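Consider the two complexes below, in which subunit A is the common component and subunit B and subunit C are the respective partners.
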Partner chain A sequence: MSALTLTLKHLPAGRLDLSPLMPFLASGELSGLPALPLQLATQKIPLGELFEVNGSDATQLVLQGDLSRVDGIGAAMQTGSLTLAGNAGAYLGTGLLGGEINVHGHAGNFVGVAMRKGSIHIKGNAGDYLGGILPGAMQGMAGGQIVVQGDVGERCGDRMRRGAILIGGKVGDYAGSRMLAGTIAVFGGAGKHAGYGMRRGTLMIRGEIEIDATFADCGEQVLPITNLLFRSWEKLGSPFGDAAGQATPVHRFMGDRGADGKGEILRFK
Partner chain B sequence: MNINGVHIEDTFAEAFGMRGTRLLITGENLKWAYHGATALTGFATSVIACGAEAGIERKLDPSETPDGRPGASVLMFATSSKELAAQVERRVGQTILTCPTASCFGGLSEGDPIALGKNLRYFGDGWQASKVVDGRRFWRVPVMDGEFVCEETTRMVRAVGGGNFLILTRNSQDALAAAEAAIEAMRKVPNVIMPFPGGVVRSGSKVGSRYKTLPASTNDAFCPTLRGVVKSDLPDEAGCCLEIVIDGITADDITIAMRVGMQAVCARGRDQGVIALSAGNYGGKLGQFHFKLREILAEGGVQ
Partner chain C sequence: MLTLLKGGKIVDPTRKLSSVVGDIYMRDGWIVDGPKPGERIDEEINITGRIVMAGAIDMHTHIGGGKVNIARNMLPEDHRFDPVHRAGLCRSGCGHAAPSTLTTGYRYAAMGYTAGFEPAMLPVNARQAHLEMGDTPIIDKGAYVMLGSDDFLLRLMREGASQERINDYVGFTIASSQALGLKVVNPGGISDFKFNRRKLDLDEEHSHYHVTARQIVHTLARALHELKVPHPLHIHASNLGVPGNFQTTLDTITGAEGFPIHLTHIQFHSYGTEGDRKFSSEAAKIAEAINNNPHVSADVGQIMFGQTVTCSGDNMTQHRNAGFGNPKKSVIMDIECDAGCGVVPFKYKDKNFVNALQWAIGLEVFLRVEDPWRIFLTTDHPNGAPFTSYPHLIRLLMDKSFRNEALARINPDAAALSTLGSIDREYTLDEIAIMTRAAPAKILGLKDCGHLAPGARADVVVYQEDSDPEKMFTAPEYVFKNGTLVAHSGEIVAVTWGDVHVVKPQFDRSIEKPLGDYFDRHLTQKLGNFKISDDEIRDITNGGGLRVHACERDGRTV
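Up next, the complex of A and B:
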């Protein structure tokens, strides 16, 4: 069986919501796929009018074309792999339950919000609220791993509860805001107010970062737990695995003392 | 059966089902990993009064440990799952939590999880934090040299304890030399430990005693000083007997260790004072596992 491939015929005029796709594929009935109604701006359009459908193996889904206006790609995916040759719109991998999503281009805002398991790997950049929270929910990302090789926007990991976010480039303001637990590692510096309102969890930052006054300075440390983390990231290559196998001193700041205050920012070189 | 002048008694070692686990102890360097591992496995020779039988299985290179630091692999055995869980927690809490720079990880990939750092974490008095890495949860407890890192659980499996053989020699020097040769060879076998001092025990026991309160007592049939008084199992030439006890993850592991150890003893031969090999058993009614000396040596190829 060849991989199920959906090729976008042309860039849609408005935003296209592709979030019904994964639940539909999970039902296992592929014949009705071209008729699957999708919301394009204000109207419903069958999938077949927008995408060319080839192949039949839904566990290895491939999306081709410029999908930068296509939102909800891979939402609620449970298993298998999803590969995007180009860019992705907003809400990529929302509520992800398993499997892996690979994006060769860039991704928009709200990547992996409320995801629980699985992994998302983005070669380019990603927007704001990556690994964040859906409106009305209590927790953001609750498991799995997001790897972005480029830069990420603001409020990354907002209300994150569990899992790991790895960013090869820099991250915008309010990284790890209101974080409940989990790990965010940034290898290219962070914007202002990192860890704003964080209660628990770890924000590891290599490069430039301003520490807010609500974080307590715990001084320079060598923590064995960073060995475990760097070692598990070694397979991701540079820069994530750069420090694997060596004792890496970190400067530890605990906070946000304005919230529960048991989180930490670990600045390292 | 006779190998290199050494008589192999037609008998068997009797062993029992136990519960076992493997722990990986790492440290800033091998020295401190071993300080922790040695303390962890101290006073763990026999379940009769120690609660657990434990020993260092082997040295671990940095590439083999979860945190990339040098370490030691430890096997620990007890008579029940409840007792093993209690011993793991008590021993790790008193020896690895306390050992500078040491960390503790589970070393088995299957079996039922039992608490490792799950309850020890409360030593952190609220400052403890956990981190899940690749699906395994680790606890970080602030201590005076930084952080004590300990995996939440370790895996417990059904194991075998009490494999053994007896080395009968002309005198005590010959017995020590033969036992040391056996232990050196057996330490290279994975999944086993020899829990007694230096791997060797001199106080082999029999079931029962003349005292009501004492369920086991000295194995007088092998005591050279009682030769003329009791029904002795010592050949005329033998003036000393030492025992090597083996605990292993499986019966096959014990078989391999026994074979390697007995071959090393036989290689020394009668010329170096080895008279015979025998084994300890209780008539075969108590233990589920029987290790027949002659079969084990025959399968390994008689020289």
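Up next, the complex of A and C:
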């Protein structure tokens, strides 16, 4: 069986919501796929009018074309793999329950919000609220792993509850804001107000950053846990595995004392 | 414009018609005898073999007022899985447990409901409630205004004011808030909560005003009787949800001393303390009491499994339940020192012992109350379940084997404690028509609703008969509201705006003198601004009318 491939033929003006795709594929019946109604701006359009459908193995889904105006790609996916040759729109991997998503281009805002399991790998950049919350929700990402090799926007990991976010480039302002738990590691520096309102969790940042006044300086330390983390990231290649196998001292700040104050920012070189 | 519905099987309990084949003529929004001599029939719809009923009436559904708006704001996670896109004539909104006003109207109409009544309108919040209901399309609306924990009434009672004075106050409140009836919620309890009381029994004295819940119920039930308001006192009794509260409910029935009363969401008030877990069903005793007291009616407030949100004026109960909220959040608030409200999201689970037993208790009450004219089909939307679950509930009542299959799936300990499996009763189509149409219209005093006799409003629903009642009641083939075809097989084909139903009891206007002083001293608005005029109601109903019902009571006397 060849991989199920959807190639974007054309996309009229407006944003397309592709979130019904994965639940539909999970039902196992492929014959109705071209007729699957999708919301494009204010109207419903069958999937077959926008995409050319080839192949039959839905566990290895491939999406081709520039999907930067397509939202909700891989939403609620449970298993298998999803590969995007180009860019993805907003809400990539929303509520992901398993499987892996690989994006060769860039992704929009709200990547992996409310995801619980599985992994997302983005070669390019990603927008704001990565691993964050769906609007109004109490908890953001609650498990799994997101790896972004490029840069990420603001409010990364907002209200994140569990799991890991690894960022090769730099991250915008308010990284790890209102974090409840989990790990965010940034290898290219961060914007202002990192860890704003974080209650628990770990925010690792390479390079010089401004630390807010509500964080307590705990001095430079060598923590065995960081060595274990770096080693586990070695297979992801540079820069994630750069520090593997060597003692890396970290400068530890506890906070945000304006919230629960049990979180930490670990700054390293 | 004269429309003929030809050859349908008419189910109209008010006229004792049980699937009688006949024709229905509708002219300009009303049902009429037939064409005048020489009059042409403009439209003829052949409905041979279909069931025809009057539009259904939901006599207890939270569709307006501050608490519903709080529930809407609180539940983005519930709306997310039921987005309502703009489609055809319908505007966008959100759905499930606390739908937007627009979605509420569309969904009710598509299901064959043509009227819904908001049971807990706070006097001080009446304008907001009417604005929300005015924004609810297609269906008719109305509200019961809430008294019983408000300072002015409790002061009057403490001072030993005469019943006439209290009647004036009740009459003033109903008239100036444009209500159809009067509700009392946890009599005195909402107020006593603010004096740090967490439980108030029927015969316990309020810690500040020293009046008992029993006195409040009796006083208000008598006031309505003397004002001749058609709908009897709508009582949300004390101790909602507390195991052993069936005794409170029975005492409330006796406490009314023969004045007609309506007990709302009775399922939540039928709990015993038997068994290992000190939680059991006393539905049989409650049903027996209703059967033996012809002045008592009740709606059930059935729970259905799944996510919903509970919104109530009963802050005492909601404060107690806040810890059980799912998702974990709640709002408990005071409203202008005159009332309260509590909103707690809830997820009823079939494997949970308590929830499963609540489900069974509700069905037991339905099946054990013999007179369908005095028991009403509600889920206390959204407290027990969203109103969209009514077709499923109807099937549970009409289909014993379906019910027993569902019983086999719930928590086995709860199933073992319930006598539901031994009840053979199946509701007939006629009985469903009574409890969802004829009886609510009768108990609310809506003379031109709930039946299909000439002179009635042309609210007509045509169902394709089906062996599965759930399918039949989900999407009726034709729904007419005031003679306009509004829904066809579940799809909205016209958006109209329903009327507001009110009563205007007679009272002595001199009550406005002390009330005016009271408003000036204690409340946040002037008496003149508090009153809602007829014109204001007409303005906010988007073209719907104001229908004033006569204040007269039928034979139901003391």
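Couple of notes before you dig in:
The working rule: the second predicted complex is superposed on the first by the 267 of 269 C-alpha atoms of A that agree within 3 Å, B and C clash if a C-alpha of one lies under 4 Å from a C-alpha of the other, contacts with A are read in each partner's own complex, and residues count from 1 in each chain.
Everything that follows uses one rule, which is that contacts are C-beta pairs under 8 Å (C-beta built on N, C-alpha and C of every residue); 3 or more make two chains touch, one makes a residue touch a chain.
This is a predicted model, so every value here is computed, not measured.
With both complexes brought onto subunit A, simultaneous placement of subunit B and subunit C is permitted, the two fitting side by side without a clash.
Number of subunit A residues touched is higher for B, counting subunit B against subunit C.
By the touch criterion defined above, A:39 lies against subunit C but remains apart from subunit B after alignment on the C-alpha atoms of chain A. Once chain A of one complex is fitted onto chain A of the other, the partner contacts of A:219 are absent, as it touches neither subunit B nor subunit C.
In the superposition on chain A, contact of A:28 is made with neither subunit B nor subunit C. Once the two complexes are laid over each other on the shared chain, residue contacts for A:138 go to subunit C alone; subunit B is not touched.
Once the two complexes are laid over each other on the shared chain, residue contacts for A:229 go to subunit B alone; subunit C is not touched.
Shortest separation of subunit B and subunit C in the overlay equals 24 Å (C-alpha atoms, whole Å).
Overlap of the subunit B and subunit C interfaces on subunit A: none, as no residue is touched by both.
For subunit A in complex with subunit C, the touching residues are 39, 42, 44, 134-138. By the touch rule above, subunit A contacts subunit B in their complex via residues 162, 183, 200, 202, 221-225, 227-229, 231-232, 244-245, 262.
Those residues of subunit C that touch subunit A in the shared complex are 76-77, 80, 85-86, 327-329. Of all residues in subunit B, those touching subunit A in their complex are 26, 62, 66-69, 101, 103, 127, 129, 131-134, 138, 140, 146-147, 149.
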